[in-house]
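These are the structures in question, set out in turn.
Paired with chain B in one complex and with chain C in the other, chain A is shared by the two complexes that follow.
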Partner chain A sequence: MTTLIILFAVALLATFAGFFAPPRSVKIVTLLGMLTALVGLALTWGDRATAFGGLYVADAFSQAVTLVMVVGAILALLADCGYFERKGWPAFEYYALVAFAVFGGHVMASTAHLGVLIVGLEILSIPLYALAASRRDAAGYEASLKYFLLGAVAAAFFLYGIALYFGSTGSFVLGATGKGLVFNAAVLMLMAGLSFKTALTPFHWWTPDVYQGSSTPVTLFMATVVKAAAFAALARVLVAVGLTGPAFYAFAAIVLLTVFWGNLTAMVQGEAKRMLAYSSVAHAGYIAVALFGPNPAPAMGFYLLAYALSTGLAFAVLAELDDGAGVPLEKLAGLWGRSPLLALGWTTALLSLAGLPPLIGFWGKYLVFVEAAKNGQYLIVALALFAAVIAAYYYLKLLAVALFGKPVKAEPVKMSGSAPLGIALAAALVLLLGVLPGIAYGWFSAATVLIK
Partner chain B sequence: MSYYLLLSALLFAIGLYGVLARRTAILIFMSIELMLNSANLALVSFARSSGNLEGQVMALLVIALAAAEVAVGLGIIVAVFRSRESTSVDDLAEFRG
Partner chain C sequence: MIHVLIFLPLLFGVWALVAPQQARPVGLLGSLLTLIVGLLTFGAFLGGNDFAYHVPLLGEAGIYYAVAWDGVGAVLMLAVVTATFIALLAAHDVPPAMVGLALLMETGLLGLLAAQDLILFYVFFEATLIPSLLMLGLYGGAGRVRALVKFAIFTLVGSLLMLAGILAARYLGGAPSFLLSDLTAHKLGGAAGVWAFSAFLIAFMVKTPLFPLHVWLPDFHAENHPSGLADVMGTLYKVGLFGLFRWALPLFPSAFALFQPWLLALAAFTAIWAAWIAYAQTDWKRLLAYGALSHMGIGALGIFSGTVAGGVGAIFLLAASAVYTGALFLFAGGLQRRFGTLELRPTSGLAKSAPGLAALGLILVLAMVGLPGLSGFPGEFMNLLGAWQASPIWTFVGFLAVIAAAAYALTAYQNLFHNAPDKPASDLSSVEWWWGSLAVLVILFMGVYPKLFTEVLVPSAQALVGLLGGGK
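Now for the complex of A and B:
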């Protein structure tokens, strides 16, 4: 309950502070609020709180996911874009919308009631439709409109799934028993709606366009916060209904399609943000592999944190290189000579995303694959592992361009505002939690997906 | 009751067809509204047949959610129209690959 109140207060504060304070102060207020939320999380860590007659349940899993979301939001706030300052924005709404989205994500992660779940989903999504347009140019509007239209279709699918779930079980609470055609249709529709938000193939079509068209800090936010919240909801739904029968085959097909399609299409992209967008699709597939295990919550929480830190770091570096027209691969060339800090962050992020030890990304992959293997899903694990090996190719290609490429113009990158702090912090965490993964795993080990 | 459900499934299918076949952002958006309202109809008819009023409360919530989506969605569509003088989704082809 504390976290819910803090996050809501931060969102309100950011909204109203914007009326009389300059955007810079609103940013500081929002950042301080997110740090307060971290403190609140730490103080109540492992406690279980219920409110509103059981509609809101803050258990260990919801805290784990909220931790990931708050960390992602802090990274997104710290990552400044050079063109933000030149164009005189983001305006204060930017920070308020970020805070509201995190609040919505927390609501989504902390309930077993489908009605509350979709309200949380909309509190998360509606600010993001607006954030996607924050670049205020043709590309930004295109990204925003695509995200909005496809997001609304996904919400409609999810909602129809809820209606069918209610019809076949007589309840909106997850865990109700049901069977028959209507129930199976309900599960498949809920799965489709959430697969859209998590960007699982074949519901990922919006991802590359939206990630590329949004301003880079917003992309960072989408890749970390939205993924975490949507996976929390997906895990709650799928574990409660049980991955058996048609749901199992449908989901296994979705996951395997995702890891291969994401990685194979990433290879042929010529734009760094678009490449990382396809990489985010592939990573969604790896996270989903954990759902085939007996208790996916700890592995999933760890992977979400690992992914948020690594991809957050990568996008924070790209935000510095982005001058408003995206980051074609040539812009990365010779990064080492132009800015050692950015090059170091980029190297750490990509090696972690590729899953090389001793970085945090390796342990994330290890945990989800072991989790699925516990239930004997060796085929899924082997295929996902194979896809992960293929993926190393394009991560190393991105890395090689940055380290060995010849720069078009060799001037040093001018870093803005708080970005160096965010990059250094994220890189340190990726390395530290990679060397000592037991610390982070300890935070998540008590989590379970089912709300009893 | 099953007639109402049949009608709601039909509305959902028509909405989905509209989303796939229409080429104007506004008409796609209207088709999505049709899908949301078909879910409302299903919720209300399930609530009626089982005597569980929760379904009706949910339908009210959904109406509020749809209104919030309309507010932001129309804003985005207006912004797109201002920058392109058209809301045809075929013109939205900035990105490739």
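Now for the complex of A and C:
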């Protein structure tokens, strides 16, 4: 309950503060609010709280996902500073929208009631449609419109799934027993609706355009916070209905398609944000592999954190290089000579995304693969591992361009405001939690997906 | 002290990276201290202390930070600390960051030698790859990106397959943790064991290397920084034989028995084939790369023989070749400094104007050829002795490779140092005197008194043969 109240209060505060105070102060207020949320989470860690007659349940899994979202939001806030100032965009709405989105994500992660779930989903999505257009140019509007239209389709799928679920079980609450054609159709509909937001193939088509068209801090936010929230909901739904029968085969196909499509398509991209967009699709596939295990929550929570830190770090670096027209690979060349901190952050992020030890990304992959292997899904694990080998190729390519390429312009990158802090922090965490994975795993080990 | 030994180079490596002006003194000091700690550790190990230590890293998942020295680990540890010190001493003109990266690699190598937990081994094994890639990518030659992609893809494919094998070994085998002792107590047999063993085998064949998974090696050496520092570290990183000895064979003895005849043939073929190719090379680094490949084939012949003599010989050869092959790469770096090229024959009759260089070259080349009294001989001899018990035919092929080594190595030596004098060159500089005499000392010591090391290796090899089911 504390976390819910804090996040809501932060969102309101950021909105109203924006009317009176300069954007800079709003940013500090929002950041402080997120830090308060972190403290609130830490104080209530492991406590189970229910409210509104059981509609809202803050259990260990919801806390784990909220932790990831708050960390992602903090990274996004730290990364944005000079970015919007350079564009001359009065950015106070940005902070309010971010805060509302995190609040919506928290609601999504903390309920077993499908009605509440879709309310959370909309609270999360509507700010994002606005955020996607934050660059205020043609690409930004295109991204926003695409995101909105496909998001609306996804919501329609989801609502239709809810209707069928209610029709076959007589309940809006997850965990009701049902069988038969209507129930299976309901499960597939719910799965499809949430696969949009998590960007699982073949529901991922919006991802590259929206990631590329949005301003980079917003992309960072989408890649970390939205994915975490959507996966929380997906896990709640799929574990509650049970991955058996047609749902199992459908989901296995989706996951394998995702890891291969994401990685293979990423290989041929010429723009860094687009490449990372496809990489985020592939990572959605890896996260989903955990759902084949007996208790996916700890592995999933760990992977989400690992992924949020690594991909957040990568986008934070890109935010410093992006002047509004994206980051073609040539622009990365010679990064080492132009800014050692950015090069270090970039190296850490990509090696972690590629899953090389001793970085946190390795342990994330390890845990989800072991989780699926525990249920005997060796084929899925083997194929996903194989896809990870393909992925290593383009991560190395991105890395090689940045470290070993000849720069087009050799001038040093000027970093702004809080960006160096965010990059250093994320890089340190990726390394530290990679060397001592036991710490982060300890946070998530008590989590379970099922709400009883 | 085991943690000090493993992480001391890391500390100095980071220091060298953040303070590039002082990289050379920091690198020398760091590697010297590591060498001293390594020697003390080896002394204590001879006195019966194995420095075993373990603490959970990811307790719930059965992953431990478990380290200890056994015979194999301790001998190779000495090779790593010695060769790293010699290389950092010799490479006085490398970019500062390279010194730091070399020290980071040293930590990774010491860690993977000491690791008693399979996941910890994997972590160190992979972590070592990162500085190695950076060294090649940042300071390599014109074709470095191609070489880098080749090297990275081979290594990563191998190690991800191994990761799958690791998971299978534990979860299908039913071991409670990834500790070596638990895994050998719950061996995975049957068809699953064959698959898992194949995964390990591919990973370690890339890193031995063995034909046909060696193709990254010549490019890796040819494109790396000419000073030879990266080549020494790369040579030390070829831990495939160690991986087979410590992990793959003990974990899957039944699958190994199935593959053994084929593996012996493959090892012998690698030895003779690489020697043949080495003979046709016109570039020092490629010659050395293929020469080392040929020797690794002989080492693999020893390991795959499944005998005590073969196992001891393979690890001894691995340790010895780390020093003499490394020194030869540094020697090639010296030639590059003098003539600006790595061509096999930038001049001839060099013995006239640079007798010291000629003497150093002769000793190193003879060590590679396996002259008795130098460090190459005991390892090769024991390998072939062990292999003979398993397969006389393939041992004969291995013998041919040893003879061929004399042909390619001595021809290269003769062309450069004898015949009619051409362009003269300066003799050994003081730095070269230092590292050269140190390397020669180590080579002589290992050649004259191999007993110190073989005595330590024998119990490890006996344990391995015991796990393989008594052996022949």
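Operating definition for what follows: the second predicted complex is superposed on the first by the 448 of 452 C-alpha atoms of A that agree within 3 Å, B and C clash if a C-alpha of one lies under 4 Å from a C-alpha of the other, contacts with A are read in each partner's own complex, and residues count from 1 in each chain.
The rule is short, and it goes like this: contacts are C-beta pairs under 8 Å (C-beta built on N, C-alpha and C of every residue); 3 or more make two chains touch, one makes a residue touch a chain.
Keep in mind the model is a prediction, meaning the values are calculated, not measured.
J.: Let me test your reading of the model: by the given contact rule, A:G170 touches which partner, first (chain B), second (chain C), both or neither?
T.: In the superposed model, A:G170 contacts chain B only, not chain C.
J.: Which partner does A:P22 reach: the first (chain B), the second (chain C), both, or neither?
T.: Neither: A:P22 stays clear of chain B and chain C.
J.: Quick check on the superposed pair: does A:Y393 touch chain B, chain C, both, or neither? Answer first, second, both or neither.
T.: second
J.: Taking the superposition as given, does A:Y441 touch the first partner, chain B, the second, chain C, both, or neither?
T.: Touch partner of A:Y441: chain C, not chain B.
J.: Let me test your reading of the model: by the given contact rule, A:F369 touches which partner, first (chain B), second (chain C), both or neither?
T.: Touch status of A:F369: second partner only.
J.: Taking the superposition on A as described, I'd like to know which of chain B and chain C A:P358 touches: first, second, both or neither.
T.: Only chain C is touched by A:P358; chain B is not.
J.: Looking only at chain A, is it chain B or chain C that touches more of its residues?
T.: B
J.: Contacts for A:F148 in the overlay, against chain B (first) and chain C (second): which applies, first, second, both or neither?
T.: first
J.: Name the contact category of A:L403: first (chain B only), second (chain C only), both, or neither.
T.: second
J.: Help me check something: in the complex, which residues belonging to chain C touch chain A?
T.: It is residues 56-61, 119, 122-123, 126-127, 129-130, 133-134, 137-138, 144-145, 148-149, 152-153, 156-157, 160-161, 163-164, 167-168, 171 of chain C that touch chain A.
J.: Name, in rising order, each residue of chain A that touches chain B in their complex.
T.: 115, 118-119, 122, 126, 129-130, 133, 137-139, 141-142, 144-146, 148-149, 152-153, 155-157, 159-160, 162-164, 166-167, 170-172, 208-209, 212-213, 268-271, 274
J.: Which of the residues in chain A end up touching chain C in this complex?
T.: Counting only chain A, the residues touching chain C are 336, 347, 351, 356-358, 362-363, 366-367, 369-370, 373-374, 378, 381-382, 385-386, 388-389, 392-393, 396, 400, 403-404, 436-438, 441, 445.
J.: Spell out the part of chain B that touches chain A in their complex, as residue ranges.
T.: Against chain A, the touching part of chain B is residues 5, 8, 12, 15-16, 19, 25, 28-29, 32, 35-36, 38-40, 42-43, 46-47, 50, 52, 54-55, 57-58, 61-62, 65, 68-69, 72-73, 75-77, 79-80, 83-84, 89, 92, 94-95, 97.
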